[in-house]
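What follows is one structure encoded as structure tokens, with my remarks underneath.
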Amino acid sequence: MTAKKQKILVIIRQAPYSSVLPEAALDIVLTAAAFEQEVSLLFFSQGVLHLLAQESTDSSAMKNISRALPSLELYEVNNILLDREALQANALQEDELLLPAKLLNPVEISAAIAAADQVFNC
Amino acid sequence: MTAKKQKILVIIRQAPYSSVLPEAALDIVLTAAAFEQEVSLLFFSQGVLHLLAQESTDSSAMKNISRALPSLELYEVNNILLDREALQANALQEDELLLPAKLLNPVEISAAIAAADQVFNC
Amino acid sequence: MTKTLHLINKAPQHSSALDECLGLILSDPQAHTLMLIEDGVYAALGQADTNQHFLQGLQQSKLPAYVLMEDLEARGISDKVSGVFSLVDYTGFVDLTLKFSKVQSWA
Amino acid sequence: MTKTLHLINKAPQHSSALDECLGLILSDPQAHTLMLIEDGVYAALGQADTNQHFLQGLQQSKLPAYVLMEDLEARGISDKVSGVFSLVDYTGFVDLTLKFSKVQSWA
Amino acid sequence: MQSFTLVIYASPQSPSSMTALNFARALLASGHSLYRLFFYQDGVYNACSFQVPPQDEIDLPAAWQALVQEHEIDAVVCVASALKRGIVDTAEAERYELAAANLREGFVISGLGQLIDATLNSDRTLNFLP
Amino acid sequence: MQSFTLVIYASPQSPSSMTALNFARALLASGHSLYRLFFYQDGVYNACSFQVPPQDEIDLPAAWQALVQEHEIDAVVCVASALKRGIVDTAEAERYELAAANLREGFVISGLGQLIDATLNSDRTLNFLP
């Protein structure tokens, strides 16, 4: 493994339990952080729904990635971004979210994409 | 296998190469016909795109079900139905289609669903 | 004539199934009923922008509509569901399928 | 600042990806380019009702847009493509990815 | 008491397999019966014996197997779907010279005719789509 | 000459695996190189040796294997994704007491770190999503 460093932007844009992609994205975030890359995580579109506290998972075989979100801090993933328009479109309030996050408008999201060396959009 | 007979309606509503479901649906049609069920096949929504002649399939790993459509007659599947609105929405002309089919409007499609004992909507 | 229960398991963001299903059944609320499961339950979010048009159509048509409670809970959205829907658990889901002559799934 | 090639592989009927992608990139046609592959090529059907809004936006923005020829041919729709798009084959697709700093996939 | 057939189209990684399992458990708990489970397309992965799921995740193939064995359910795996995806029983493993079978005990491989038979002979057939 | 990494997320039954293969062939034909193929999530099914596809369909795992062996490509299969889906090499088959390995020759099982390494050390990384 080289000591190079890249800006990696990982985007979660699928809702909880909709597909394996959100979990795949989170695993990339944790691995990139472990390899000391400069990683940002953006919850985009329906992905913002991961930030709601979920009541039970017994009836679902899919991993509830919301439970893993608090561990992001341990991995020093501090750049958590959130799609402000998606929050509004789903009538969600900031104070009901599991994690504090930086709210971005479309132009800022576009800039975050432009600034990244690599984007994983899962 | 019992000698009972059912009205089975199979609906193909996904576009070619979009998923395995159209092929799954066609296999159900052929099997139901082999077991002498009263089977109808409806091309609905994006499913109407299967009735366009396709130019090549070498670059795709998925089965081109259009090639199997002529064999429907051999299996005595004669009740081929088509979503008229989807044809119009995709600006397709009847004379460019691979198969002759009965064009239905939404009320007629709704009636075909109501008349069936079992619907496979793939 | 038979009565049909229509199952939708995809969110409006991932499938035109709900739109297409309603296009067929809204005009005949006696013969059809709608049930949302899995990702389909996001269509029951009462305040979501994308759902307003469809929820209005549903209300006007008087088509009976159900949503699977366990899938709402797993997603943390059971307190955000539009009043147009009745909530059922898996036992209720089983009962419901027996009240109809057949079940048609949409993906 | 880097330039990004955006790959869309789903039809508008199966994913909000194209909508969401254009919502981010239409305002900055210098930094972004669009390419349709697989089921995404159905968005290039010039006469399809569902595509009119998006095709208009694309034309006005002057955002460069490409579509994969092999996927059009496999679906029998290469003669129905909107003039907004440039057709590329796999070799052209490879070249295109090298003209941008990175490639972002949408599903 | 009514009889059901459930058709499972999706892999254990898809939510619809879990929905089918929950539905199967609920109908049995309500005193109804399962005429047949039919595993079709990616659904055949639910009948594979090789998976090693992480400890914090539900082992869906094992859960299906437990249900099938406890209630002596006819659990049919579509042969065309299975071969295409590398799920084989002992006979097929021999025929195609593969190192081993990986079909779980309790499941049988058969043709699509079993699905048509099931729609004829059960009161309700439900499709759990991917 | 540039180097590529392709990340394959979908099973051989999905069009995106075929797109990835076509892209791989085209980039090699244009004189570029593959730094790595990374099979992730359902993509790991492309590395399974048990499939018996119908004669009139493309055998995608065999086609990947031919490419990998001809061009000596580093073809990495994500270990977490593979175990969950029942794709195992000889060491894992032994460890988990499975009857046989079903990873194709030419592929190696490793961790997600190989994906991060690949994004750092190749000129372009492309994701072929399901």
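Order of writing sets the labels: A, B, C, D, E and F. Residues in every chain begin at 1.
Here, a residue touches a chain if its C-beta (ideal position, glycine included) is under 8 Å from a C-beta of that chain, and two chains touch if they have at least 3 such contacts.
Please read all numbers here as calculations on a predicted model, not as lab measurements.
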{"item": "Chain E to chain F, fewest steps along touching chains", "value": "1"}
{"item": "Chain pair with more C-beta contacts, B-F versus B-D", "value": "B-D"}
{"item": "From chain F, the most remote chain by mean C-alpha position", "value": "C"}
{"item": "Greatest separation from chain D - chain, by CA centre", "value": "E"}
{"item": "Length of the line joining the C-alpha centres of chain A and chain E, rounded to whole Å", "value": "34"}
{"item": "For chain D paired with chain F, centre-to-centre distance based on mean C-alpha positions, whole Å", "value": "26"}
{"item": "Where chain D and chain E are represented by their mean Cα positions, the distance between them in whole Å", "value": "39"}
{"item": "CA centroid of chain B to CA centroid of chain E, Å", "value": "26"}
{"item": "Contacts with 2+ other chains: residues of chain A", "value": "17-21, 45-46, 59-60, 117-118, 121-122"}
{"item": "Residues of chain F whose C-beta touches two or more other chains", "value": "13, 15, 22, 41-42, 57, 80, 125, 127, 129-130"}
{"item": "Two or more partner chains touched - positions in chain C", "value": "13-14, 16, 38-39, 70-71, 90, 102, 105-107"}
{"item": "Pairs of chains, among all present, that meet the touch criterion", "value": "A-C, A-D, A-E, A-F, B-C, B-D, B-E, B-F, C-D, C-E, D-F, E-F"}
{"item": "Interfacial residue positions of chain C with respect to chain A in the complex", "value": "11, 13-14, 38-39, 42, 45, 47-50, 70-71, 73-78, 80, 90"}
{"item": "Sites on chain F touched by chain A in the complex", "value": "9, 40-42, 80, 111-113, 115-117, 119-121, 125, 127, 129-130"}
{"item": "Interfacial residue positions of chain D with respect to chain A in the complex", "value": "1-2, 4, 16, 20, 23-25, 27-28, 31-32, 101-102, 104-107"}
{"item": "Complex contacts: residues of chain A adjacent to chain E", "value": "17-20, 59-63"}
{"item": "Chain B residues touching chain C - in the complex, by the definition given at the top", "value": "13, 21, 44-46, 106-107, 109-110, 113-119, 121-122"}
